[in-house]
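Below is one structure. I have some questions about it.
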Amino acid sequence: MTPGLHHYLIVSALLFSLGLLGVVARRNLFVIFMGLELMLNAANLALVAFSRYHNNLNGQVMVFFIITVAAAEVAVGLALLVALYRKRQTAHVEDLTSLKL
Amino acid sequence: MEHAAVAQHAVESGSKIQDLAWAILVLPLVMAFGTAVLIPKNRTLSAVFNISGVVVAFLLSFTLFCLFGGQSADATPFHWLSVAGLDAQIGLHLDALSTLMLLVVTGVASLVMIYSTGYMHEDRSYTRFFSTLSLFVFSMLGIVLANNLLMLFVFWELVGVSSYLLIGFWYEKPSAGDASKKAFLTNRIGDFGFMLGILAIWSVAGTLDIAALKAQFIANPALLGPWAGLAGLLIFMGAMGKSAQFPLHVWLPDAMEGPTPVSALIHAATMVAAGVYMLCRLFFLYTATPGWPAALGFLDGLSAATIITCIGGFTALFAAVIAVQQDDIKRILAYSTLSQLGLMVMAVGLGAKTGDASASMYHLVTHAGFKAMLFLGAGSVIHACHHEQDIWKMGGLRTKMPKTFWTFALGTAALAGLPPFSGFYSKDEILAVALEANPIFFGVGVLVTVLTTFYMSRLVLVAFFGKPRGEGADHAHESPASMTVPLLVLAVPSAFIAWLPLGEFLSGHFKPGHAAHGGDILFGPFNHNPIAAFFGLGAALFGFSLAYSLYGKSPTQDPLSPKLGLLSQAMRNRFYIDEIYDGIVVPIHNLLSQVADAIDRWLIAGLAVRGLSGVVEIAGRALRLVQTGSIQTYAFLFTAGVLLIVLLALK
Amino acid sequence: MDSLNSVILTPVFTAVLLLLIPGNFRVVLRLVAILGSAATAWTAVSLFSRFEAGQAGLQFESLVPWVTVGPLNLAYHVGADGLNIGLILVTGLVGLAAVLVSWNIERHVKLFYVLLLLMIAGAMGAFASLDLIFFYFFNELALVPTFIMIGVWGRGEDRNWAAFKITLYLTLGALTALVGLIAFYVAAGANSLDVTVLKAHLATHPLSASAQTWIFPLVVFGFATLVGLFPFHSWAPVGYAAAPTATAMMHAGILKKAGLYAILRVAVPLMPDGAHRWLPVVAVLAVGNLLHCAWVALRQKDLNLLIGNSSLAHMGFAFLGIASLTVIGVTGTVLVMVAHALLAGLSFALSGYLESQTGTLDMTRMGGLMRRMPFYGTAMVMGFMASCGLPGFANFAGEATVLFGSWKALPWLVIIAAWSGLIIGAVAMLRALRAVLQGPEKPEFSRVLDAGWWRRLPFVVLLSALVLFGVAPGILTSRIEPAAKGVVAAHLTPSQAAESPAVPAGNPASHAAPAHSAH
Amino acid sequence: MNYSLITLEILAVLLGLTVLVADLWVAPATRKALGLGLAAALGCLLAFAVGSLAPQSGSAFTGMFVVDDLARYFKGFFLFAALAVVLMTVDFAPKFGAGLSEFFALTLFALVGMLFAASASDLVLFFVSLELITVTFIVLNSFQRTRSVSLEAGVKYLILGGVSSAFMVFGIALIFGTANATNLAVIAAKQKELGQSALFLVGLLLVLVGLGFKIAAVPFQMWAPDVYQGSPAPATAFLAVGSKAAGFVLLIRLLVGAVPQIAAEWHRLFVVMSGATILYGSLCAIPQRNLKRLMGYSSVANAGYLLLGIVAGSAAGSTAILYYLAGYAFTVLAAFTVISAIANHVESDDISALSGLGQRSPLLAAVLTMALVSLAGIPPLAGFFGKVLLFKSVLEAAPGHPELYALIAVAVVGVVISLYYYFGVIRAIYWGGQSANLSTIPVALPTRVVLLACVAGMLVLGIFPQGLMKIADHAVAGLSHKAAPSAPKAAH
Amino acid sequence: MPQFTDLLFYALAGLTLLFGFLTVLNPLSRNPVTSAMFLVLTIMSMAGLFVLLHAFFLAAVQVLVYAGAVMVVFLFVIMLLDLKEDERRHFNKIAVGLGGLSALAIAGTLVASIVKTVPVATGAGRLAEGETKALGRLLFESHLLPFEILSVLLLVATVGAILITKKDLR
């Protein structure tokens, strides 16, 4: 079958779910973070596919923005994780439960 | 604004001589208030003040009595409260009943107050006593003068509260406190019925004015229709309270905890007579066509008057029986009062058949005189014996206090119904009415007369004759003039008031134009109703001889008690009526209040409120367990939330 | 005539003035507070005396547009008629008394008086307001002061719980009523919450019976909670028992009446169908007040709890009068409200003074105090006698009027009410008098002092008002009656309407009424 | 294209850059002065934004950026919030040590994000401005990097914010794919046919997820209590006021402005969300002892009340949201100003730390009390009238929708419960517990200014609602014009 | 008749998903470094998909920025912190279960709505060519504003990253 928008979107949806799986299932903050990246990438894939099949380049512009935002988020996020690791010697969500109830 | 309206009204109609009644009414109030506010510390001045107030009231009453005699007149009223169909005035009505009653009240009150200057001399609350007494006089006069039902009720209540204050005058004595409470509450039960009666009458007749009501009743005796019987009985409940009719009689004996002058004025002469007075005033209710609502169909054939007669007769007999075995001088008098009130009430009920309650009213007047005198005499005795009230600890007082003795004996004779003293004539009227109406109640009357003479003779024989049996009696001596003078003054009317044509005067009120017996007053009874007169006299003599045979030899203990055995025990314990109240009525109310309190405490405040707040708090504590602090949990819940809203939105 | 504004603003300005005075100038603070409340009281008295009796319609009106955005049209609209002029008067008097009895407050004097004056202003505003949003606004003004006052100056271990309980209950009631009012606003479609506007609007565009049927209970039960209608009453006794004297006086005396006032002002006249449908329920619940609360009062050992419960029992009369839907009954209710305001103020002032002297309100520990405190004792006897409905005090006039007004409509309830008022109430009150004043003097109270001249003032003020209105209730009824006719105008049958001169025969409201009640 | 429309935003960015650069020359001791200067500049901006010189209505950047009454309303709102936060920070400075000017700069950049959000009329701008806000707040929340709770708050915001962004981005992608446009005006024009497309609806829902996260509505509320508790007080204040308001302005633009018909069909969803949010926030706050965490739950509950306006789905509902938000801003800023002022003296966020505040600082005690009272919706403060408007808007919509009555009942219950915990704090202030330390807490002048401004705001909004009501009404009126499907110009 | 590009799509899509799965839930290694490496591979295969979609510029950006810059930073930080301790921790089975469940549900929802809405055979019509020039025009003309805002965002990220990681206060 000739792959079309339909297929790209399904791949994108599955990729999104995989990212979500990482966020929910993993306890290492770095991996969780990577899961987030996967989710953003899934959106990128969907945008690019839409962009192509609807002949609307605006989607690609949006992808460009998303990549930038992701980079910024990664910068800040990693810095935060470093600071946290320095303070607590951990990058594990289980050790981050002093704020609760 | 209201005052302006009243003033304007007065200007329009011009001030009338009957407006003097206002002065009579207000004077004691002014005295009471003035004493309490202005001179609460000045003993002499307060006594002078209050006595003069009442005396002036008496003089004014006398003036009015002479001026208006048997006719009726109204003083300028003012609107107390007037909304839509409810028009309650404060207005004063003068007629034979009220003017006569004015005289009785102010007269006895004046004497009692004078007497009190001696009796209460050492009391530290001397001024309070006088002002409260004035307050009482004011309230009582209000009842006497009231021209409408609501005003009657108002003063009815005020009398109740003055009596409360006076019974509880020595509030430091626990028994006085309890007695005052009991008196007020028992009266309140009567008032409850009274109020409902007023409501029932008002809702049908649309007016509260007694004269207007009377006119309506005359025009249409079946005015109240099925409500007639109930309304009559409800109104009578008020009288039951004030006039201490069975089963609301329990407060009166206890009320003797008050100072003796109070007992004389309130619990012998005036307040307790208010019930009878009210029945006489609203007599038209009882002569109306009887009727009962469907729910009370079993009462068909009876009238309220019949029930009243029964209650009165029973009270008369019952109280007389109890009096026989009492040892406390004031309690004997109290039960005697009960018994006499019972007679009067019975007379009202019987009178309903003939449409004439004058016998009752007549007895009320005479009784007020001699019973007040008896109480004052008793007070004098108690005073002399250093507040000893047990007659078995007295004795031989005849010589030590002759003035007291003689007046007391005179009162006893009047009460026992010996001619030519007033009691004989008034009681004879009652017996005559009873004979005419219902022989059973005639029998009751005769029996009561026997018992009355018996216990009074017992009292006199034990307390005044023989030798002193107690310390108090040993050191007793005659009371000061302030006390004996009123006794002597009272002796005159109690002995001889019956020589005035009072009976005719009163019949004139009830049956205008009705021909009086006329003729010789002194021997009148023997002429127009010899059976009643002879039975009455015979009963009195029988009672006396019975008493003399038992107590003439000055025994140190009651010889009757062993003979009566258990009965005596029951009589001494007042047939356990108080115990029945204490054992049934009080616990029921306590139980109800306990249940209510439990509902409040556990069900509403506990289960509902605390429970609800607890549930909310637990819900909060449980719900926040969701906030585990773990990012993983949050991410999962977040995802679940996304799914949830997608489901909700897209179904 | 803008004096209605001045009774609201005087206490507010006094409160602001107090804020400017340093907290340690206690005497100055007290005097300023007293002067402020006295000025308020004086204005209230003068308003009352200038009020023209026998007139239907509003007097001393003043209107300032507040919010006019789009269709929404809310205004600060105050005015007096028979329903509220008496309440304004007693608010002034009880407010003055409450300030006077607070002389012995020692901690945070400034805060106390500021809060108290806010309560007075709130009550005044609530009674004067004709726009319901402002009514609500002013009524709620007292909530926070109540809470803080109970907490900071209250008494007893339970005051925490009591403070929360009273606050939550009152809020729940007020919010329910608020929802009802907003629903009413929406359903009426007059784009206004001004009672006068609503009345005129509803005369031509009557509210559907079904809407009335669900809005009426929201409004009425919401406000009834503020009054302590059974079974929404359990906040009151504990709240009052824990409250400082002045708060209890203001709350039990004045603020409680705001709920009743709102029912009379809004619910009954503007939603006649709802009233027909729901007032019988209210009447049945009033039995709970009359019997249940009176019985509960019997069991109390704490004087404040006794007063609190018996004051709830008195509210049964007020509800009864409303439920009767007669001119007499409603007039009686307003009378009861006025009288009970004075009485509750007096009662709590009495118990407050007692506690300041004996250090306790446990009646089982007291006794024989009459000897040491003759003036106080007399005042207490008078107050408690007024509470058991003794003629000569205003309460009797009110309760009797209610009984007369309700007899035909609700005879059984009248019987219960009479029993409650004449018997159960009397038992409770006399027991208290017996326990506190009568009996032998107790040595532990040998240092107890009678009220000095200065301290007598609040008692004298309240008692004189009680006696004045008891002796001449006509002063009040002549003012109330026209307004009471307005309240029940929609409920009168045509013949009754013709009888009452306040509602001319041509008035559309009276014509519309039978059509309503036909549902 | 009219670039002058973004004058305000440009000025704000420049101001942020100036602060960053100025930091190089300003001695550490005088950084507070920098804050005051910044506040003054923000004051000027605020005056500019609400004054007559403000940009006229219009749109720029191919309809992506609009300036209308709604935008102006929120710009004023955000500027005031930022101003208050900056002043509050001046007093809070010791806690931040050296990074003070960066904190100011970041606050300004977050403000820039909010200013753009207020004008965003295109999903791309939605996304970018929201991300600017999110990323800035990650830094602001973890600003006290020496406190591990602050870092934890930052991480939680980072991850959960990331998840929500991811959902939102995916949603935008789906919307873009189905509508073939990102401009709201275009979407509005097509909403009827788009309403048939499941993919579009899913996309819209995913965008709502992102906004739900911003406003902390159930079921996306989990982060709020933790982050509120851990973050430095000024950051929390800005988060509570600014970020939430940004979420709401976007929500209004999207739901009321662009897809009102679809929103009306999702009525049930909003009812459930609103009710659940109110109950969740209220219930969870009951046992709460930490003041900032309590404010977190309170913020959740308030999101629920604000959603009532969305549920109503009418102009009145949106007006109510705007009004309520304004009152909420004054109230929350006042509360956090007090909290941050106290934080300098009491090393604890626990409610018990407030004991004796009545004596220690009557001013702080009074302001906090008023703030809590206003939050509880009691007159004469702002919260009251806001709640009245919200309730009214829902009841107006209620006939025919019985579930709305249930929602109102839930809201009433929520208010009562909230009273319980708000008043619990008041109790702690005036009579709860014994405070060992009764020393006076000095209140610096800038803090005083903020407090007085907030109190004045609360009172004015409570007592004289007319002015702001009118403005809010106007702001919303403009919106419904735009919603009419005539406006769109070609987006590409 | 399947064309080469179609096969390429299936291959790349399969790889993307496989690498994606190995990134988040590698059953053989819990080491974040491994995850990071697989993420790089995922991104690379996605770049391939971009190429298939004629988004050449984005494919390049994807490889250069994402795989090149971002992931390097990732790896750098992970190695810097030396997260050995984490390897000892096992997967939380509950978490994995719940994660799988929610991922499945989300995937199901999304796929279902895609299947419902988007026809399998995308009809004819002009397909966009990812001309870089056109993209650049769009970026700097109609999307200038978001672009500029992103510059502020990057500034914030820079300042923030420095601030947060800075060891001691000045």
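Letters A, B, C, D and E mark the chains in the order given here, with residues in each chain numbered from 1 onward.
Criterion: contacts are C-beta pairs under 8 Å (C-beta built on N, C-alpha and C of every residue); 3 or more make two chains touch, one makes a residue touch a chain.
The model shown is predicted, which means the values in this text are computed figures rather than measured ones.
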item: Mutual neighbours - chains that touch subunit B and subunit D alike; value: A, C, E
item: Chain closest to the middle, measuring from C-alpha centroids that were averaged per chain; value: C
item: Interface with the most contact pairs, given as the two chains involved; value: A-E
item: Chain whose mean Cα position lies farthest from subunit B; value: E
item: Separation of mean Cα positions, subunit E and subunit D [Å, integer]; value: 31
item: Whole-Å separation of chain centres (CA-atom averages), subunit A against subunit B; value: 96
item: Between subunit E and subunit B, distance of the C-alpha-averaged centres to the nearest whole Å; value: 102
item: Distance between chain centroids, defined by C-alpha means - subunit A, subunit E (Å); value: 6
item: Shared interface positions of subunit E, touching two or more other chains; value: 92, 95, 98-99, 102-103, 106, 109-110, 114, 118, 142-143, 146, 150, 153, 156-157, 160, 164
item: For subunit A, residues contacting two or more additional chains; value: 5, 9, 16, 19-20, 23-25, 27, 29, 32-33, 49, 54, 56, 58, 61, 65, 69, 72-73, 76, 80-81, 83, 96, 98-100
item: Residue numbers of subunit D (touch at least two other chains); value: 124, 127-128, 131, 135, 138-139, 142, 145, 154-156, 159, 163, 167, 198, 201-202, 225-226, 492
item: Touching chain combinations (by label order); value: A-B, A-D, A-E, B-C, B-D, B-E, C-D, D-E
item: Interface residues, subunit C side, partner subunit D - complex; value: 23, 66-70, 72, 108, 111, 133, 136-138, 140-141, 143-144, 147-148, 151-152, 160, 163-164, 167-168, 171-172, 175-176, 178-179, 182-183, 185-186
item: For the subunit D and subunit C complex, residues of the former touching the latter; value: 316, 319, 358, 362, 369, 373, 376, 378-380, 384, 388, 391-392, 395-396, 398, 408, 412, 415-416, 419-420, 423-424, 426-427, 430-431, 464-466, 469-470, 473
item: Residue numbers on subunit E that touch subunit D, as the complex places them; value: 109-110, 112-114, 116-118, 142-146, 149-150, 152-153, 155-157, 159-160, 163-164, 166, 169-170
item: Residues on subunit E engaged by subunit A in the complex (per definition of touch); value: 2-3, 6, 9-10, 13, 16-17, 20-21, 23-25, 30, 32, 35-36, 39, 42-43, 46, 49-50, 53-55, 57-58, 61-62, 65-66, 69-70, 73-74, 77-78, 80-81, 83, 85-86, 89, 91-92, 95-96, 98-100, 102-104, 106-107, 110-111, 114-115, 118-122, 125-128, 130-131, 134-135, 138-139, 142-143, 146-147, 150, 153-154, 156-158, 160-162, 164-165, 167
item: Subunit E partner contacts - residues on subunit A that touch it in the complex; value: 1-11, 13-28, 30-31, 33-35, 37-38, 41, 44-45, 48-49, 51-58, 60-61, 63-65, 67-76, 78-83, 85-86, 89-92
